[in-house]
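In C-alpha cells below, several structures.
Each of the two complexes below includes subunit A, the first together with subunit B, the second together with subunit C.
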Partner chain A sequence: MNQDIFATLCQLLEPFNSAKIALKPETDISADLNIDSVSVMDFVMEVEDHFDIEIPLNVLSETRSLADLVKVVEGRLAKV
Partner chain B sequence: MHGTAIKGGLRQSASEFALSPTSHHNPVLAKVLGGFATLTAGLDYAARGVTGFNFYSSRGQLEHVLPYRELRLKALATARKLLSTGLKRGERVAVVAETSPDFMAVFFGCQYAGLVPCPMPYSMYIGGKNAYVSRIAGMLKTARASAVILPGDLVSHITEAARLADTAIVKTFEELAAMPESIEKLKPFDVDDVAYIQYSSGSTSSPKGVLITQKAIVANTRGILRDGLKITNEDRAFSWLPLYHDMGLVGFCLSPMMGQVTVDYLSTTSFARRPAMWLKLMSENRNTIAYSPSFGFDLAARRINGEAVTLDLTSWRVAGIGGDMVRADILNDFAEKLSVAGFDAKAFTPSYGMAESTLAITFADLSKPVKIDTVDRLHYKLAQRAVPASEQLKQSPERVRSFVVCGKPIAGHEIVIRDDRGADLGEREIGRILFKGPSLMDGYFENAEATQAIMTADGYMDTGDMGYWLDGEIVITGRAKDLILHNGRNIWPQDIEWAAEQIEPLRNGDAAAFAVEGEDGEDDVVVLVHCRLADAVEMEDLRRKVAAVVHQTAGIECAVILVAPKSLPFTSSGKLSRAGAKDGYLTGDIAEISPLARLPRSLDETRLAAAQ
Partner chain C sequence: MTDLFDKHRGIAERHERMMSLGVNAVSLTNDRILSPTRAIINGRETVLAGTNNYMGITFEPDCIAAGQEALGLYGTGTTGSRIANGSYALHRDLEKELAGFLNRTHCIMFTTGYQANLGMLAGLAGPKDTIYLDADSHSSIYDGCTLSGAKLVRFRHNDASDLDKRLARSEEGGGRLVVLEGIYSMLGDRAPLADFVEVKKKHGFQLLVDEAHSFGVLGPNGRGLADEAGLEDDVDFVVGTFSKSIGAIGGFGAGNHPLFNMLRYASRPYMFTASPSPATVATSLAAIRKLKAEPERRERLAVNSARLFNGFKGLGLALGCDSVSPIVAVNCPDEVSTIAMWNALLNAGVYVNIALPPGTPGKQCLLRCSVSAAHTFEDIDRIIALFGEVVAQGHYKKAS
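Right after this comes the complex of A and B.
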C-alpha cells in the first residue's frame, strides 16, 4: 500500500472523524466512522480536489476500507 | 490524402467552437402550456422551436446541448433501435436515469415505440454495491422488465441485477446506439395508453411501481405549467434533481418539455459534490425556476460563502420546496445569505405532491411570501386540532409547533381531509389527506392488493399524510405511515430492518427502525436490535456491523440500540409495532443493555426531552 497516499487520506479525513477514531488501512469508511452520506461526499470531494482526480459512483460503491480507497486513488492517478 | 487533411482540419475547428446553451424562448413558435394529448404530441410541438435541455459538468462546463428538435430525432431513432432488439408493444424497458441526453433519448424513444420506460435510480453509497444491485433487481422483477438500458460504468452492477431478475436484454447506451433501426412503422403511445412506471414509491424490500398513464401525465404537467408555476415566455428552469424521482422527471423534464421551456441540468452527483455550483449556474443563465427539498437550500447556503456577492439571482421567481417537510429556519437562513445576490424570499414556493399523483397536488400562491401557521402543541397532540397559538404561547417554543402552508390543489383536482372513521373534517381539524383527480396513477403495476389498500370506495387515494385545512389551503403536519424522511428522501423502516436482520446472529423480527424528531426538527433514525450476546466486545461488534449495513443500504447515520431479546412489541397479528417500539424506547422501557454503550449525545438528549 502506498503510505504517502494513506497518510494524505487520513489527513483529509480528520475533519469528518468527529469521534476521533484511530484510522488504520482496514478502517471501513462508512461502518467504522459512522458519517452520513453527505459528509462522505464532502470527504470524497476533498480527495478528488487534492489529487485532481474523479472517482465515479460505481467505483465508490465498491470501496469500503481506507486501503481500498488508497488503491482507487493510485489507479486514478495512473490514468491521468 | 488531401481530403483527409481537410476533414481533420474541419473537425479541429469545429471542436474549438464553444457550445452554447439553448435560448430560453422561441422567437417564432407560440408558447403552448401543455394540454397536448400525449407526451409525443408535446415533443412533436416543442421540436418546432429552438428551446431544449442543457447539461453542465460538476465544474460548471456546458457538456451537451439537446434542443427539443434534436431530442425528437434521437428519440425516433432510439425507438427503432429498441424495436430491433425484438421488444413488443407494452413491454417494460428499465433505463438507468443518469442526467444525460442518452437517458432522455431512451425515455422518449420508448414513447414513440409504444414501450413502457421505467427510470431506475443511479445512486450509491460508499461500499454500497450490494445494496444497489438488490434494489435494482427488485425493481426489474416487479416491473417484469424485458430490457434494461444502462451507462457503461454500471455494467457489472446491472448485469448482476438483471441476472437475479431474469431480465433478458441488457444493453449499454452505446450498445443500443449501435443497433440497426427497425423499419416497422412506429406506433407511439396514444391518448388512452400508459406512459411510464415510476419507482420513487415503496420500499426496497418490496418495491411498487407507480403506473402513470398518458392522461395522468398530460393532466399533471398542464396543472404544473398553468396553475402552479404560471409559466411565461421569460422562464428558464434549472434542475439538479434526480430523473428517477418524480420531482426531477415530471417537474423538470416532462413539464418543461410540454411547455417548451429550456432547462439547464447539473447532475445530482455533481450537486452533491459541489452544491454551490447550482447557484453559480443559475446566476450565469438567469434561471427563473428551480426546486429543491429543504436540505438542498441548506447545503447550497452553507457552501456559497463569500461568493454570494458575485451572483445575480434576481431572475429567480419560483424557488420551489418539495420532497420533505418544509423547514422555515433553513429558508430564512438561505434568504439571508443570498439577499446580497438579489434573491427574493417571496420566490419560495411550498408545494405538495407524490409519485402516486404523477407529481403535483398543491402549490402555494406564487405572489405571496411563505405562510407559517403556529399552533398550540398540546391541542395538536391531544385533540388533533390545530389551534392557533397566542402571542404569549409563542414565547415558549416548546409549547408550539409551526407548519408551512402548502397551498391549493391544481385545477380539476380535489383534496379531502378525513378522520379515522372516514368522516370529512373541517377547518383546523387534523386528519388523513385524501386525493382525487385526473393526475391519479392507474395503480401500482401488477399489484392490485397494494393499490386497493390505499383507495377508498368513493375513488380517493389515501396519501398517508396528515394535515388540516386553513382558508382553503392545506397544511401538512406529518405522516400516518412509518416513513422516515431524510434529506428529501423517503426511507422505509422495513428496508433498514431487513438490512440489519441479514447480520449474524440476527433473524427476522429482531430489528425495529423508526425516526425520532431531533432538536433541529429533522428525523434522527433509531434502530433497536435484539441482542442475545453476552460478551461486551461482541456486542459492540454487532452494533458496528448493523450501523455499517444501514449506512450501505440507506446512506444514513443511525443510533443502533442493543436491547434485550424479545423486548420488541408485536401486534396481535404478529406484525412488528414500530409505534410501540418507539414509545418503549422514548419512555425507557426498552433500553440499551450493552455495558460499553456510548449513545450519541444528541439522541440521548432527544430521548430524555421527549420522555418528559
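Right after this comes the complex of A and C.
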C-alpha cells in the first residue's frame, strides 16, 4: 500500500473524524468512523481536489476501507 | 444468521431519542385538513407553515369539481401502465396543456415527482454517459442517477467554476448531463443559472433543471428559474412536480428534443408503474389552468415570502440563504434543541418542517418553513411572533 497516499488520506479525513478514532488501512470509512453518506461524499470531493483526479460516486459502493481508497487514488493517478 | 435489521439499530436509537423529546417530528399525523394553511393536529387548530403548498391551491372548488367529475367518468384508478392500458385522454390533455404552459414541444407526466427524476435521469443517461450533479441535489436526483448506471460526478453546491474544473478533468466519451435545481429544497437558494450556462457554452453538455420548488413560483410566466433568468433556451430538459404548486401528486419532464418521446419506451420508472389516477390528473390539469389565469397567486406568494424572510431577519435568526424564496429555513444549533424547538412551535400552534442530517447540506439542523399564497399577513406575522418566542429567545437553551 502506498504510505504517502494513506497518510494524505488520513490528513484529509481528519475534519470528518469527529470521534477522533485512530485510522488504520483496514478502517471502514463509513461504518467504523460513523460518518453518514453525505459526509463520505464530501470527504471524497476533498480527495479528488487534493490529487486533481476524478473519483466517480459509482466507485464508492465498492470502496469500504482506507486501503481500498488508497488503491482507487493510485489507479486514478496512474491514468492522469 | 445476520438480522437484516441490525443495520437499522442506529436509526432506532435516534428515533427513540426524538420520541423522548415529544411528538414524533417526522411522522406527524394531520387529523383533519381545514384549508391550505390550517389543519387539526393533536386535536387543535394549527397554522401550516411547512406544506410546499405554494399556490394554496388544494381546496379550489373548480379543481375539486374537476377531480370529482373525473372519478365519475373514468373511475378510481387506471389499473395499468402508460405503455399498456393506462393512457387516457386525460393524461394526453394534461401533457399537452403543460407543454404549452412550459413553452416546450414535448412533455411526459410521471406518477410522482420522485419518479419524474428517476424516469428522466435514467431515461436520458446510460452506463456510457456521465452525470454531473450538484452536491445538494435532492435524493430523487441521486437515486435517478444511480438507476441510470451513468458515471456520477458530484460538484460543489452552486459552484459553476467547480463544475468547470470537473468537466475539464473528465475522461472523454459518452454524453454529459448536468443536473441543477431551480430552488434547492432545504435552504431555499437558487442555482446561479447564468454562470452554469457560461460553463455549458465552454464545455458542451446537456442541461436538466429540476424546477420542483420553482415551477409556478418564479419567472414572469411561472415556469421556474430558467424563466426568471431568461435562459430557457439554454436548458434542455425541465423536471417538475404536481405535489407543490399544483397541489396534487405526480411529476413531469419536458423538452424540445425531437426524440423526447422515446423516453416513454426507454424510461423504466415511466413504463413499469401504474399511470396517475384520473382524479389526480384532472385536478392537476385544472390547477395548471388556474396558475395561468391567476398570476396574482405568484405575486402574493412573493410578498408573503419576503414578509416572513424579513421578519425572521429582524429576529436575528440565522437563515439558510440570503435570497427570498418561499422556502425560509432557520438554522438551529443541534439536533436535540431543534427537536425541542419544533415541539414548542407545534404546541404554540404552528407546524413547520424539521430537517436533520444527513438530509441537509453541511450537517445543518433546520426548522424549514414554506410559505403559501394562501397565508394571510396575520398568519405570517403569527409565525414570526412564535419563532420570536420559541427560537430567538433561546427556548432551545432551556430544552437542552
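Operating definition for what follows: the second predicted complex is superposed on the first by the 80 of 80 C-alpha atoms of A that agree within 3 Å, B and C clash if a C-alpha of one lies under 4 Å from a C-alpha of the other, contacts with A are read in each partner's own complex, and residues count from 1 in each chain.
Here, contacts are C-beta pairs under 8 Å (C-beta built on N, C-alpha and C of every residue); 3 or more make two chains touch, one makes a residue touch a chain.
Computed from a prediction, not measured in an experiment: that's the story for all the values here.
Contacts of A:Q3 after superposition on the shared chain: neither subunit B nor subunit C is touched. Once the two complexes are overlaid on the shared chain, A:R64 sits against subunit B while remaining clear of subunit C.
Between subunit B and subunit C, B contacts the larger number of subunit A residues. Legend: residue contacts after superposition of the two complexes on their common chain; A:D32 is shown touching subunit B, with no touch to subunit C.
Once the two complexes are laid over each other on the shared chain, residue contacts for A:M45 go to subunit B and to subunit C alike.
Once the two complexes are overlaid on the shared chain, A:P56 sits against subunit B and subunit C alike. Shared interface residues of subunit A, touching subunit B in one complex and subunit C in the other, are 36-38, 41, 45, 48, 56-58. Note for the complex: subunit A touches subunit C at residues 36-39, 41-42, 45, 48, 52-54, 56-58, 79.
Residue ranges of subunit A in contact with subunit B, taken from their complex: 28-32, 34-38, 40-41, 44-45, 48, 56-58, 60-64. Contact residues on subunit B toward subunit A in their complex (touch as defined above): 122-129, 132, 153-154, 156-157, 269, 272-274, 299, 487, 544-545, 547-548, 551-552, 555-557.
Residues 130, 135, 145, 151-154, 156, 166, 169-171, 357-358, 361, 363 of subunit C are the ones that touch subunit A when the two sit in their complex.
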